[in-house]
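Some structures to go through are shown next.
Two complexes, one shared chain (chain A), two partners (chain B, chain C).
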Partner chain A sequence: MISDPTMTITGARQRQGRFTVLQKWVSRALAGNLSCLIVPGPEVALSHGLDVTAAGMRITATPRDASVLLIIGELSEKMSEAVAVLYAQMPRPRAIVILGGQPPSTLPDADFSAGVSQAGLIDAVDWLKRALAKGAFSDSPEDFDAAVLHARIDYVCPMHPEVVQNEPGSCPKCGMDLVAREAGESAPEHDHDHGHDHCEHRHHEHEHQHHDHAQQHEHHEHEHHHGHCHEHHDSHEHDHEQHEGHQHSHENHHDHGHKHQHDESDGDAEEKDSGHDHSGHHHGGHGHDSHEHGGHDHVGHGHSGHDHGGHDHGSSGFMSMVEVTKDLPRSADGLAMDWMEVPFGPVFPGLPGGLKLTLTLDGDGVTEGQATSLVGMINESEEGKEIDAETFIERLASAMPLASVSYRLLACLAIERASGLENDSATDHARDVALERERIASHLGWLAQLGRQLGFAWLTDRAATLQLEIRRASGKRLVELTPALQALAARLGRTPLLKSRLKGIGILPSGTAGLSGPVARAADDAGDAWARLWRRLDEMTTSLDFIKATGEPELPALRNIGRGSGTGEATVETPRGEARLSLELEHGQVKSYRLDTACSHHIGLVATLVEGRELGDALVAVGSLDLSPWEVIA
Partner chain B sequence: MMSVLEQYSLLLALVLGIAATVLALYGLARAIGPAHREPGKDVPASSGALSRDPVWGRYHARYYGYALLFLAFDMEMAFMYPWAVVYREVGLVALYDMGVFLAILFLGLLYGWSQGALRRQ
Partner chain C sequence: MNFAIVLFAWLGSAWLLAVIEGWTITGRLRLTAPLLSGLAHLGRESIVPRTPDRVFFETAPVLLLIVAVLGAAVLPLAPTLVIADLATGALFINAALAYVLVALIMAGWGPNGAYAMIGGWRFLGQLIAYAMLIVMPITAVAMRAESLVTTVIVGSQDSLWNIVYQPLGFVLFFIAAMALAFRAPFDLPTAPGELGGGVDAEYTGVRLAVLRLARLTLVITLASATTVFYLGGWHGPLLPPWAWSLIKTLAVAVLMLLAGRYLPRIREADLMRWCWTLGIPLALLNIIVVGLLVLVVP
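Our next item is the complex of A and B:
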């Protein structure tokens, strides 16, 4: 388990020469104050029963404050990229601990890895304390690099979004210049600077000396830029003779728009004059002194990508706000403002890890938004691949870390029904108790998340402590914990400002399609975040009563199905809503399956919930849905 | 009372102290070890993605309505300082004068409120 016997961590800090007293002192201080960033998120640690604080680490919300990166479980490819960014942002010395998974390809090898268990976590902290005290500084620390840390520039056509190339060139559909864009960005309208970069870039490529004069002659500069882009792109001939010819015969060349531009950007002061000429005749005027050339550089490409290209040298002055927002869509109040597309997630502290909420912000208001899951399960088994029933159950349960008991139960039920097994009431009761116990634990996990989002540290602490206790508690212990749960609910009712924060936020009326679980039941009341909070608190009480009346919980385990075949369907009311699984069993092997979950539907409601809201309200609304990105079926 | 020279020496000591603190911080950072230049470290990041977007943007400050109101009322406070100086001399009349002045201001606030100036845009 210990990867390096010399006790040097992979993210050690550079040291020159010997280990000084000061460095020794700093190392000890760091080892005594471990702060850890949990990926995918603290809620996953809690639902696995990991108490990070009790193990001796402080949980932080930002990589800048973390010295340990704690990864729980396997990460999807997109999560691996996010993790690489987090790791790059962590200050050295830094260490990686992986519990129950393989190191992501984007990261260096883990400093310590173990299974997902509290014992493993405690071992990891012990090891980290020793390793940081001894090996926080190294003569030759490993460099860290990942592809995701480097900006990749795509070239896209402003008119045809589907045209994306790796190199500059022209659009195969319309022949327009491709505009540079950082990979991963969406609309080219939003990135006013990149068009500019693009032009500049070509500029250098062809070793022209225009830049100086462009800066001196601010007034002409704007279209000169465009001229360059076109010139280099379409033609590499700079024939001075031909160029002169144009100057003297504009009347004959009214249709030349493009060609003129190619020539005009040729080198020196004289060429600048030609710019005037061409623009002049474009506008119908013919004098050399005509300065109205704004129009002609838009011939064939009057698009914002290009307009913004020159924005910070425009005639309105350096860094003009008017130029910046010239062609952007207007806000609701008619003001031209920059809209920003901001990602919240996949590792945003206020939302469950793995959930990516992309919001287009106009100031602090949300213009539009959508949520996607980066960790969601892929429906349908691979064609022709049969999975052993037990393996299938394990796989489904581990794919849903926030509600593993529910999905274990769902898989057991579906398989047992497919094999034709009769229901056994004793087993059913014990399983139901386990399901209700998980419901309480899951709602507590949501409360802890709510506390993290709203900044109620006491709520996070208390809910997390209770969740860890209830997760695997016996029926008797659960009854003993009843007063603690009631006290928590009572305190929530007394918490100042909580009601005004949640009331009227994220309203989903009862007729909304696709509602399920507590969200649907809260829709019968007010249907807002406040109603959802109280619905979940009520459900916790109801579940406790059920457990009191029924007996001891027992984790669902597959009964003996032999080598049965058939099809079966089961429905389980998970903590987040109804989950339905239908599968086809052949000789004890799962041949194909189909899973439908509440979160897959709820995630689609995010767009309407956030639209037109303030940023804070939008985040609270999304949080109140209790989305589990794991339970979103792709 | 300190002499002018003493006051300046205090100022000088403060400046020297600040400079010494800054230099000490740099020295400490150097002693702990050189920084490791790596890709992605000095780029702002948000929620697991590097944020290379241009920062020169036109941000919609929706609170500008309140901000303007606040500024207007805050500036009126400036009139209260000279008023406070002469208050004893002028006596009760000064209190009435200020009362009328504040009442007019308050009416302005009520008007702004009625016109929705305090509502979020």
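Our next item is the complex of A and C:
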């Protein structure tokens, strides 16, 4: 199982430094304080039955606080890119542990890999402790570098967006100096800061090098060497996924400026005062970080032109808030603030892993937002490629880690119907018990996630413990656990602040198109996050009653279908809503299939739920939908 | 001398508090855990984010630590065991703790990241909510003691602790103190589930160790202030005065740390609304009641 027999972490994971006596103690301390960032997320670990805390690692909310990157299962291509960024943000010494998957191409090889099991996890922790105690420091650590961390810098003319070069120079049309921007970004003049950044951090990410930066930084704060920096990028600070934001804020400054410029040049053509000139000027020479607001403002209202831009603020140091904000767009609360686009996820403590929520923030109000899944399943089977029925079932079940039993059942049913098998009531009952058991476990997983989002540690711990116990429990044990579940629900009813936190948040009235599952049923009550919480708690009770009356669970397994052919369709009420699978079977092989899930529809509701809410409320609203990004069909 | 003793007591309390916190979370009582965790922080890289405001970024954790220790300087452990027995002690705590806001805004602005920045500004809103509820209950405490000197305030509770004399003030002050220390459920500026750590998000290594120590010290300072203002400070039977001060302080601190585990984070708007529409009228009522008591009861 051990992938690296040398018993030390190597290369880009070690930290620069000689192995002195002090470091021996530090290394031991490091080994005793393992903190891990779970990718895709803690909810996936739980649904696989992994108890990370019991294995001896603390679960952290951020990569900055993590020493171990724990990857569970296969990662999609987009997730691999995000993971490289996360890994680059982790302070060294750091290690990679992969359970049940191949190392993503964007990362160095795993330090330890094993199958998805608690035993594998415990082995990993043992190994990490020994390896860190021995080899946390090295004389010559390697740099971590991955293609995804690089950005290509283009040089564009602020006046003529069509002029794009790959080296600095002046615009052939107007002679202005070209400004740098990251390839793929649209705001023409925003990348002053990027060019600057890349220069500043041309080394790599280590502390000892940062001291260099510090000096460089102080001396060269406002100088811009575009020409020298396009191949140097700091390997860890180029992150769009999780932990940078000002970068985006700058982008937005510029976006705004740009918008206003168009308004003006359309309206009246006072060339001298137009935002174009000014913005070019401002960003060309006076883009002091601290005066961004000033510059932005003047780009916006345009009266003041050149002379009142960066100059003004640069010399007097006074920045009138009224002046600065008077032409910014107003949001619902009437306050004018800078707008910035901030990504939440795909690995974010308050959201399910794999879900990326992009919010445009105005202060901490959300003006707009949208959610995308980075791990969603692709619907169509590859053309002409037939899949063996058993393989198809396994593949579908493992593609949906948060509801694998439901989808296993769905696939079994659809295939059996396609092959013309009659229902068998005994099997059906046993399967239904397994389905209901998964519903309880899944709702507990959602409660743990709610606890993480709201900082309600007791709920997270309690729900996670129960989920781990329930996911493979026998019918008899489930019945024994009934009082524990009732106590949990009663406790939530008594918890102060919870109702005020959830009531009236994320309202989806009944009749909203595309609702399914608990979300739809909660819409018949108040349709808010509070109603959805209670609907899920009620469903847990209902499921327990069903289990009590029916018997022992049995994981769905495909009955003998021989080499049947035909088409079949099945519907299963998964924990998150209705899933429908239709497929075509030919001689026991799945020829084509079509899957439709509740989450595919629910994810589209995010935009309306978050708009105009405060950040905290917006996240609660998204969380209350219990989206599983795996069940979002592309 | 006093300075050394108080500082030692403070560090000891921080260590004990960290041990107790670890105990409640992991269920294991490990005396070396806080030291090892501190050492581990020293072992990790201390990353500087891209284009930070270097001065703000570096200053914030240190400033927060200084603020917490400054506040502690006027809080007595025993009748003579106080670093600075200022004539304006109760006011000085306020002044010192006002800089918590400055430290958090700096920590928010410094690293050049959206999560941190939102966290920093959130705390500005939080200050508007809690600030009056720190000052107004202290006013009532000072009215009873007829002094702002912290040792005199403890002395005034010789016969009856303030928690009994003015329970309303205690409740308001305790809640406001938790908001000031930005502990859950008032952890809006850090909010792991909403801001991925917020003002803490970009700190690693040594800087994070300082920040954590500062947060812990801030909790102890506020717990000690609660002890001095409401729990009769060093008063208690049998044990020496300093021991009572420490026991009470630790008890309040543990309460502050644990309360958050059993509560979801408060909504920012609710915090603001409740503090102003409910908290401030209650604080005024407290002042009136205490004023009447002071006049009527000799």
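The rule is short, and it goes like this: the second predicted complex is superposed on the first by the 440 of 634 C-alpha atoms of A that agree within 3 Å, B and C clash if a C-alpha of one lies under 4 Å from a C-alpha of the other, contacts with A are read in each partner's own complex, and residues count from 1 in each chain.
To be clear about the criterion, a residue touches a chain if its C-beta (ideal position, glycine included) is under 8 Å from a C-beta of that chain, and two chains touch if they have at least 3 such contacts.
Given the structure is predicted, the values throughout are model-derived calculations rather than measurements.
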Contacts of A:Phe144 with chain B and chain C, given as first, second, both or neither: first
Which superposed partner A:Gly363 touches (first chain B, second chain C, both, neither): both
Dominant contact partner of chain A by residue count, chain C or chain B: C
Which of chain B and chain C A:Asp617 touches, first, second, both or neither: second
Touched partner set for A:Phe348, first chain B, second chain C, both or neither: both
First, second, both or neither for A:Leu497, with chain B first and chain C second: second
Contacts of A:Met340 with chain B and chain C, given as first, second, both or neither: both
Partner chain in contact with A:Asn33 - chain B first, chain C second, else both or neither: second
Set intersection of chain A contacts, chain C complex versus chain B complex: 15, 23, 26, 89, 92, 193, 340, 342, 344, 348, 363-364, 614
Chain A residues touching chain C - in the complex, by the definition given at the top: 15, 23, 25-30, 32-33, 53, 61-62, 64-65, 67, 89, 91-93, 136, 193, 196-197, 200-201, 205-207, 210, 213-214, 217-218, 234, 236-238, 242-249, 289-290, 340, 342, 344, 348-350, 361, 363-364, 451-459, 495-498, 500-501, 614-617, 619
Interface residues, chain B side, partner chain A - complex: 28, 31-36, 38-41, 43, 45-50, 52-54, 56-62, 120-121
Of chain C, residues touching chain A in the complex: 25-26, 36-40, 42-51, 53-54, 112-118, 121-122, 184-185, 187-188, 191-197, 201-205, 208, 260-270
Residues of chain A defined as touching chain B within the complex: 13-16, 20, 22-23, 26, 63, 81-86, 88-89, 92, 137, 141, 143-146, 148-151, 182, 184-185, 191-193, 312, 319, 321, 324-325, 331, 333, 335-338, 340, 342-348, 356, 362-365, 614
